[in-house]
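Both of the next two complexes hold chain A, though its partner changes from chain B to chain C.
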Partner chain A sequence: MNRNELFFGVDVGSVSTNLVAMEPTGQVVKKVYLRTEGNPVAAVQKIFTQLGREFAKAKVLGVGVTGSGRQLIGAILGADVVKNEITAHGVAALQAEPKVRTVVEIGGQDSKIIILRDGVAVDFGMNTVCAAGTGSFLDQQANRLNLPVSELGTLALRARHPVRIAGRCSVFAESEMIHKQQMGHRLEDIVAGLCAALVRNYLNNVAKGKEIQPPVLFQGGVAANAGIKKAFEDELGFPVIVPQYYDVMGAWGAALIAREEQVNYQKTSFRGLKFCEEEIKISSFECPDCANRCEVITVMVAGAKISGWGDRCGKWQRINTEATG
Partner chain B sequence: MRLTFPHMGLLSIPVETLINGLGHEAVVAPPTNKRTFELGAQFSPEAACLPFKVNLGNFIEALEQGAEGILAAGGTGPCRFGYYAQIQQQILHDLGYKFQLLLLDPPKGRTRELYRALKILLKYRRPDQVVRLVNLAWRKAQWLDRGNKLFRYFLPRSKDQGAAGRCYEEFLAKVRREPLSGQLPLHYRDLSTKLETLATGSSAETILRVKIIGEIYMVLEPRVNFHLETVLGRMGVEVVRPLSISQWVEEHLLGVFFPGHKQRTILLSEPFLPSFVGGHGRETIAELVDAGVNRLDGVIQVLPFTCMPEIVAQSITPEVSKVYGIPVLTLVIDEHSGEVGMMTRLEAFVDLMRRKKAMMREVSN
Partner chain C sequence: MRRIKIGIPRALLYFWYGPAWRVFFQEMGLTPLVSGPTGKEILNAGVKAAVEEVCLPVKIFLGHSLTMQTQCDCLLTPRYISVNKGEFICPKFMGLPEMTRQAVGTGRQLIWKSDHKCHWGSLKALPREITSGYAQSRVKKSLKKAKAALEAYHLLMQGGLLPLEAETALLKGSQPSAADYEPAIGLIGHPYCLHDAFINLGTVQLLREQGFKVLVPEMFPARQIALELRDLPKPLFWTLGQRILGAFRLMWKKGVAGVVYLSAFACGPEALIGEMVKRESKAAGLPLLQLDLDEHSGEAGFITRMEAFLDLLKRKRRYSCV
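Moving on, here comes the complex of A and B:
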């Protein structure tokens, strides 16, 4: 196997930071899934320090970044492509299953649906005003029940009489779960009820008005939960596929897009693994110069400005470019 | 009287001209900013829509600057906007502000309030002066909308988008100061020349054409829709927008002379939504159908959270989208909406349209 040429894809999400090292053929050679723990820069540094030894000799052809922290991490890494997570997930799903017609993705703080027809995305939806039913809610509940989140799924599968839980609002769902516990319902029935509530909430909210047709790919960290997968299958009435790399689909998609757009950038602008040791400082301030009151972000690496954004007028970005040449 | 009024996109320019010309003094509220949102949200009912909250914030900021009167519009349809002015008046009175409300209710409602407001507004000027002034304000609204349309066309085609934006700002400032309606076309021509020199020869194939529809305030006010049009323009999207101040005046105030707007709306929306649902619900469907027929690349619907007419329209958009094969993105905005989530959706939508367009080209080749 030729591991000398690689593409990297990084997905910096709210809950996890993932990386995929991909061969030019599209084959994943390494995946890393790490909790972000509120510090995306440290998480990415940690991942690349681990990888540094393994891929020290590899030639990096391109780097793609996605996820909510994409802009920041993209600047620090010197990424060639910075893409939104919806496109990244869609591209990875098509690579995993070219016939896919629906992608269900549930991540840490957002959930999405992507509708594809004949190999191209035609519609998508994302949770809008509420984050009920996403991964971080499951996390919280597992915590409250003193269970590792990875065990929720297996526990749910053992349920015999799932209870009905209102899943519209995570706060209300929690009170209802507490209530059901105090009524004496069994834990597995409550957890199964929670899974069903999440799925109902997803279908009535994110997937509202969207036509879910098989094959359906279920990806994102929550796809590890067998209880949720079963609840989806019960509601939809057909099997749901959890792809092999379900937990790093965003990162894989970013790597695939980096490969796809290689013609545009030719040579990668990846800054190399040296950034792992660098001191990275991020500061922000509210620009007082006009009524927009933009929050301007500045990224400093080893005492030098490398990037900044957030200003609508472009003034600070201009100053930054001048500073870096 | 020192008079203020709510902001809505470019509305402040003609209204300021009108108030000052009538012998009053216009107190233009600071452009909608974070504090406006905070003040509005703090004193408004939680479930009121964003335009209500932002306008209330505008009023408070203008009253702080010494406004003595508020000029507001009313309505009679099923949209809650019809009673907003009265509720805002009550809230402001409870907060201890002293001011007069001049309510321009459409003549379909009770005319007494309209008559009273007009009597105060017009008391310093002779009828012929009023006619000349209204004409100037009306021409300003028209040329502003034309200039805006030009800017929307050229922004994605500009070599230097920052410079294009500055040319446009300069045009707005000139129109704002202009006392003669005859000069307005010259400013427009000037803008046009400048934007043309900035244009690249990029092929029409790479530019996406996207129509923005939805609730009029959210569509027209860049400071509440996260500068949607500029953001899209910079992504290489030409924004097509049927709603504008002058279009609204033509349809709602001068409907007798411009019956075409209404006929068009009814004709186009009929197959999907055969009745009036208030606000711009019907226009939303009509314009979506129009975008489908004319094969635009996509449509973005913008509405404030809890907007009833647009929610009705929103439930119909999937059907229209399917019939015409046109992608639709719905953006629901309130004071809690984050810019990051908005950008993610817009980027993803632009990608979706690009990829679809590229595939269509491959197929047709």
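Moving on, here comes the complex of A and C:
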């Protein structure tokens, strides 16, 4: 396959790292979903190594990066746009369904809600520090029940009498699930109860005080779970839509924003696929120059300093920009 | 003769009364020493010394007191319970001198009061050490100058300056003018949350860098705020809470693009004010971002939310113009 011109969007999340290659029309030509496994740099290198063969001849017009590791990966890639994941998800949802009024996104470590009216985001919410009710909790429970996480959903759909599980706190939820198991409830009923608890938790915390109006788009890795989707529909009373690229919406959004902002940067600063083979070193130190004691991050690629951040005064960022030009 | 040094922690009500305190002690022939801006060491010292229940700003106050106690002869620990009739400051301010004593140990403290019986600007409210050790005429004169300084300070802020800028302008005598540009964004919360750039990760600067003119409650005169809140079924008895809600309504009338509300984690009064602000913003269709500040506020989550909110405002503007 050889496409001529492409935008790349990368979403560096806590659990997964995703990439989307997009035509200038907005059409996705390739999506990759990979587990981050605690090493975002290695994950991105792996993805681009895979892609290198496929898109060796393509011309890259722009690169957008989002997700919690966006700053780090953005620096290494030479991204043109580094955007927060809320904006990215909102933009992608609008592309998938221009009439969307609510976006429900449940990822590995965080979950969010975006309220849109007439094609513009007007409000959003995000879970607080606690990751209860997110993908990693489902992962954990699937592990404990010795099931692949991808099967939780189909299992939940087979439930006839879902049990009630308190979902406010994942620690309590887990002990309650164990209790229900010991009482002799069927596994599918417990899993369905877990899905319902997760949805209730989401609606009561993340979506608290927000008006959920259809069409609702359900995206993020957890949208693969049909049990959760059904629990949402039961709770809301109307269907929710899982878009085609539900698992890479953040990456798609980043690519779309890269396209949108192209007028501002004209030529991409993407460093090319060569970075896959480069040795990337990241170090941090505590700057002793003032009472803030900032933890400054320095990124070295092939022995040369390319970026750094974390300082509140901007001194190290300035030094770094001067060094790199 | 060595002049006595008075340590003034740059925390809590300093952002409202600081210049008056500085001028007063200066006029009394003492040397006011104001602690530096909050940093990691101050935060850590405060968190370690404070009891768990208090809010972050009180911990910061204790941190400032601890770091400067060795450099001064007396620490100023105000006990401002009430500054307006029928209204109160948060109860934690009532116990501030005691909390400081517990944290700092046996240093000398100056307790400047303000309550329903004696206003902070009266002789009775002053620390005993001052009123008994100096001629009354001198104290009165200094107090008058302090009040004049406070008034000038607040006029500067009402002219569009932030507390720090107004303080510099007042004490150094320079006269910077506030830039007036669009779009404006409202930033509400207690002054010690908004103007301590360390605990709010430089929110004001961040908003300015993103091209917003920042409005804060200190820029609105008390009269206007009182007028704005006349229609409440029951008056709010937290003075600072009134300023937050009143300023919020005034900002909305001024046509700000959105409002950012920074609240301190574990702040009691704010639990109530926050809800009122939330309901009113929803009814008015004014975008609102509420962020909690605490000592381990994840920087990443804070910045992500802030960026997303600013994107939302900008995109809204861009698409509503087309």
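Criterion: the second predicted complex is superposed on the first by the 322 of 325 C-alpha atoms of A that agree within 3 Å, B and C clash if a C-alpha of one lies under 4 Å from a C-alpha of the other, contacts with A are read in each partner's own complex, and residues count from 1 in each chain.
Following the convention adopted for this analysis, a residue touches a chain if its C-beta (ideal position, glycine included) is under 8 Å from a C-beta of that chain, and two chains touch if they have at least 3 such contacts.
The structure displayed is predicted, hence computed values, not measured ones.
A.B. asks: Chain A superposed: clash or fit between chain B and chain C?
C.D. replies: clash
A.B. asks: Check whether A:Met300 is in contact with chain B, with chain C, with both or with neither, and answer first, second, both or neither.
C.D. replies: neither
A.B. asks: Regarding the shared-chain residue A:Arg312, is it in contact with chain B (first), chain C (second), both, or neither?
C.D. replies: Both: A:Arg312 reaches chain B and chain C.
A.B. asks: By the touch definition at the top of the document, which applies to A:Ile86: first (chain B), second (chain C), both, or neither?
C.D. replies: In the superposed model, A:Ile86 contacts both chain B and chain C.
A.B. asks: In the superposed view, which residues of chain A touch chain B and also chain C?
C.D. replies: Overlap of chain B and chain C footprints on chain A: residues 68, 83-87, 119-124, 126, 128-129, 209, 291-293, 312.
A.B. asks: Which positions of chain C touch chain A when the two form their complex?
C.D. replies: Of all residues in chain C, those touching chain A are 36-37, 39-42, 198, 201-202, 278, 282, 285, 287, 292, 298, 300-301, 303-305, 307-309, 311-312, 315-316, 319-320.
A.B. asks: Show which residues of chain A lie in contact with chain B when the two form their complex.
C.D. replies: 68, 83-87, 110, 119-124, 126, 128-129, 209-210, 291-293, 312-314
A.B. asks: Mind pulling up the chain B residues that touch chain A in the complex?
C.D. replies: Contacts found on chain B: 30-34, 162, 223, 227, 230, 305, 315, 317-318, 321, 327-328, 332, 334, 336, 340-341, 343-345, 347-349, 351-352, 355-356, 359.
A.B. asks: Which of the residues in chain A come into contact with chain C in the complex?
C.D. replies: The contact residues of chain A facing chain C are 68, 83-87, 119-124, 126, 128-129, 209, 290-293, 312.
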